[in-house]
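Should a chain be cited, it is by its letter among A, B, C and D, assigned in written order, with residues numbered from 1 in that chain.
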Amino acid sequence: MAYFEFEGKQVYYEVHGEKGEPLVILNGIMMSTLSWKPFVKEYSKNNVLILVDFLDQGRSDRMTESYDHSIQVRLVDALVDQLPYDKVSIMGISYGGEVAVQYAVHHPERVRRLVLANTAARTSSWLRKIGDGWNEVAKHKDGFAYYLTTIPVIYSTEFFEKNWAWMEGREKTLTAYFSREDVLESLIRLTDSSRDYDYVDKLHKITCPTLVISSSEDALVPPTEQIILHENIKHSTYVTINGSGHASMYEKPYAFSALVLGFVNLGDEGISI
Amino acid sequence: MAYFEFEGKQVYYEVHGEKGEPLVILNGIMMSTLSWKPFVKEYSKNNVLILVDFLDQGRSDRMTESYDHSIQVRLVDALVDQLPYDKVSIMGISYGGEVAVQYAVHHPERVRRLVLANTAARTSSWLRKIGDGWNEVAKHKDGFAYYLTTIPVIYSTEFFEKNWAWMEGREKTLTAYFSREDVLESLIRLTDSSRDYDYVDKLHKITCPTLVISSSEDALVPPTEQIILHENIKHSTYVTINGSGHASMYEKPYAFSALVLGFVNLGDEGISI
Amino acid sequence: MAYFEFEGKQVYYEVHGEKGEPLVILNGIMMSTLSWKPFVKEYSKNNVLILVDFLDQGRSDRMTESYDHSIQVRLVDALVDQLPYDKVSIMGISYGGEVAVQYAVHHPERVRRLVLANTAARTSSWLRKIGDGWNEVAKHKDGFAYYLTTIPVIYSTEFFEKNWAWMEGREKTLTAYFSREDVLESLIRLTDSSRDYDYVDKLHKITCPTLVISSSEDALVPPTEQIILHENIKHSTYVTINGSGHASMYEKPYAFSALVLGFVNLGDEGISI
Amino acid sequence: MAYFEFEGKQVYYEVHGEKGEPLVILNGIMMSTLSWKPFVKEYSKNNVLILVDFLDQGRSDRMTESYDHSIQVRLVDALVDQLPYDKVSIMGISYGGEVAVQYAVHHPERVRRLVLANTAARTSSWLRKIGDGWNEVAKHKDGFAYYLTTIPVIYSTEFFEKNWAWMEGREKTLTAYFSREDVLESLIRLTDSSRDYDYVDKLHKITCPTLVISSSEDALVPPTEQIILHENIKHSTYVTINGSGHASMYEKPYAFSALVLGFVNLGDEGISI
């Protein structure tokens, strides 16, 4: 519903709700502010919800040259700077979690709570190859091949079986979307921007209470990666959403939302047994 | 802070907070309303929190003869009846979860949300033997033997290692408590009241949204039991708290509380993707 | 080292070793008899090892039209028929496990022991889409894109990190191999032959002792699929190789081989406690 | 079938079979050479099987004073010394695995293969309390209480449900056995001998190929302990027997035996991919 200028680019963001702890949500690579539509009402009931499109994502400006995560981290910094809060809570899923980790490392004083869902502290050499595969397929400008290569893998077998019609709808919509050359170029750049990410050794700089979320069936960023986050972030707690693939917010919206909103809305005094 | 009369017995309960969805908490077998002291402030911030001691527990009356779960289920019914709500949310942990399951089966119209933590749909023949062991040890009126037999097993190795001093304090306090003959007699009756519990075939009568919580290191009621709950309760979602033993609310108070409060405070409209 | 004729096609197979229980190994889709080279000496020490290339695989004849699993099942039948044994043990991995399941359902009297590694009782709608993706990419005749889409996903992150040089070698070799049009056409047909596979309801016909093997990090055929095998095959036992991806025999050759050879070489009397 | 003298005590051991790699099996605390009766035929078919009773166990001499693991480690050393082999393979389960770890640390040149099942590199403070509980109960000389406290916990819920009659038999036999004062005194000493065990920092001295076995439902020595073994023993591989409790050899004799015999009988050349 609004744009702000950032390094010469227009960044799209939305603010929903009027009271409660502010919660900034950072998207996965194939998502946008639109992806959160089913969640907005619930998430803005007791919180001020801030959604944002990264560069090359949704309604934010496209880039033209390659970049790495750091520009998205600066974008988050600029976004937080212009919000009227000393601190915000941040939930990042997948790509958004990677950016959230880096923002929390560099600006620990601005982050009240951190929720890291289906994400990692690094792009492993394995994940880099998976991303290279997406980009190699993208070069053929075949939206259907790109859809089949990138989307089914983020859902669990069980979800696929149970939500066949919904997945068919996604296939139609996304195949059309991925058939646009500008979209594929953005996705190539976004994917490439993760290539050199490795913050394992910097996780100790995160100081806020942090919730790490795994999905039991995440084939893209498996629990072994979330364990690295949990073991290296001091005040972290770690849960698993069972029976879910990578897209946990879609597969298990109740469990996902209970965790995110419940964690963000716990008071600052904590619970000492 | 108050008592109500139930079948000739005095039942102790507490009501904390003034606004928000009402949340009734049902205790594990060795717990009481006192166990929730560190949680009261947080849980009554946005909810009306109702704590209660089962018969033979805390400040409620002791029984003199053996009984089964059904009397505790009627107790919950009486409690809910005298509260000014059509519906309440219920969180039951361990023994409390078993009672919660039965209440929700028999009074589905009174339960808005159900959270079942570290609990089961039945007392397996294995768990029955474990309980028989507790009671056989109790007969020797040796508070220390009873402590060692019943308490360490409910914590994870990791928690024990990290909270050594706290566990030593528990050992002292609980050994003294378990050395009281009346306490042991109550615990024997409470344990025995679970012997014949088996609601696996009735779980389909639970209609409200339900959250099932496992702990990865629960040595007393392992995840295999929670899977039975999840697979048979229609609107259930299922998460695991990692690195926690049976006493998840003590071992991982942040993850536990985020889940309970987050789930209870999700709106009634749900989230449809 | 030998060929036999089957429905007008030449099928390549190898027999190694001279004594012990005969063990037939059925390959995964991207494998061939050559894949077992590092294993031959060990597996033929105490067993007669029989390797075979499916149609469209290795040195067996290529097909020209599409087919389903049933032709490969008949191929196995023909192979076993010409071996001098009443019964053989069969180990099938991935695609080979799917064929092994079908052979054991239809010829239970010929199978002494069955080992099913990283395989499934059905092609789920999810896995079908993954396969469709491989074939869609194959159409672009880009060996590198095909390699990136099909190969990294079958290894675990940990294996990739630790065996970087070996994986680089695979990338070079397989990219060249996948750049051959005839190879891609064979792989398209092999992948398509799995599309309609669903033997869940027939698993009860398997009567021999069966070992089901999962890998904890299998992103292609996750443990949820092996659980279906285990729960429906009467005399089955079920283990997980930890820290391994889909290609368990390459990632954890010791654990894999101990399981396969240990299980096949257990005597027929069984162990009764 | 034979005894050897060790530090003034008679140690009972058995040798079965005549050919193949020698395999020494070290018992869990409540076991003895008798426990392996159902396994002897299978394990001595292709191997020389050596069973032994620790001091205070089975037919070996009872002790009179307390001791720690080191005396059992010396016992193993004496046993191996009088066998006609330069090297032996050792499989230790639970308590026997703890002794096996120590033997392999101090005598790496004598161990060809090591299999560590349901065991740990240390007695955690948690496990120490569990053991203290067993001993506190033992003081009451109530064989049934001791049975209920020590035995059901080593089986999985599923096994208990499915083998109810067998468990009832165990209850009768073991309650009688645990009602003998000398037996309880031996068990108290055996349990106490584990109190100070901690070899985590010495695991790097183990040089032979090692197989670490977890059970998914082990409530006594959970997989978190086996992970410590695997991460610190250089040439180790790590598997999980699914659906099994602590007594894996009884719950899943096929999977257990396939692993043990398969691993021990892999050749020395290894498998290099």
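Here is the rule we go by: a contact is a pair of C-beta atoms (placed from the backbone, for glycine too) under 8 Å apart; a residue touches a chain by one contact, two chains touch by 3 or more.
The structure presented is a predicted model; accordingly, all values stated were derived computationally and were not measured.
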Separation of chain D from chain A in steps, with touching chains one step apart: 2
Given chain A and chain C, the chains that contact each of them: none
Chain whose mean Cα position lies farthest from chain A: D
Separation of mean Cα positions, chain D and chain B [Å, integer]: 37
Whole-Å separation of chain centres (CA-atom averages), chain B against chain C: 47
Two or more partner chains touched - positions in chain B: none
Chain-level touch network, classified as line, ring, star, complete or other: ring
Contact pairs between chains, per stated definition: A-B, A-C, B-D, C-D
Contacting residues of chain D [partner chain C, same complex]: 38-39, 41-42, 45-46, 166, 209, 211, 214, 216, 230, 237-243, 250, 252-255, 257-263, 265-267, 269-273
Residues of chain D defined as touching chain B within the complex: 124-127, 129-130, 132-133, 136-137, 139-140, 142, 144-145, 148-149, 152-153, 155-158, 160-161, 164, 167, 217, 219-220, 222, 224-225
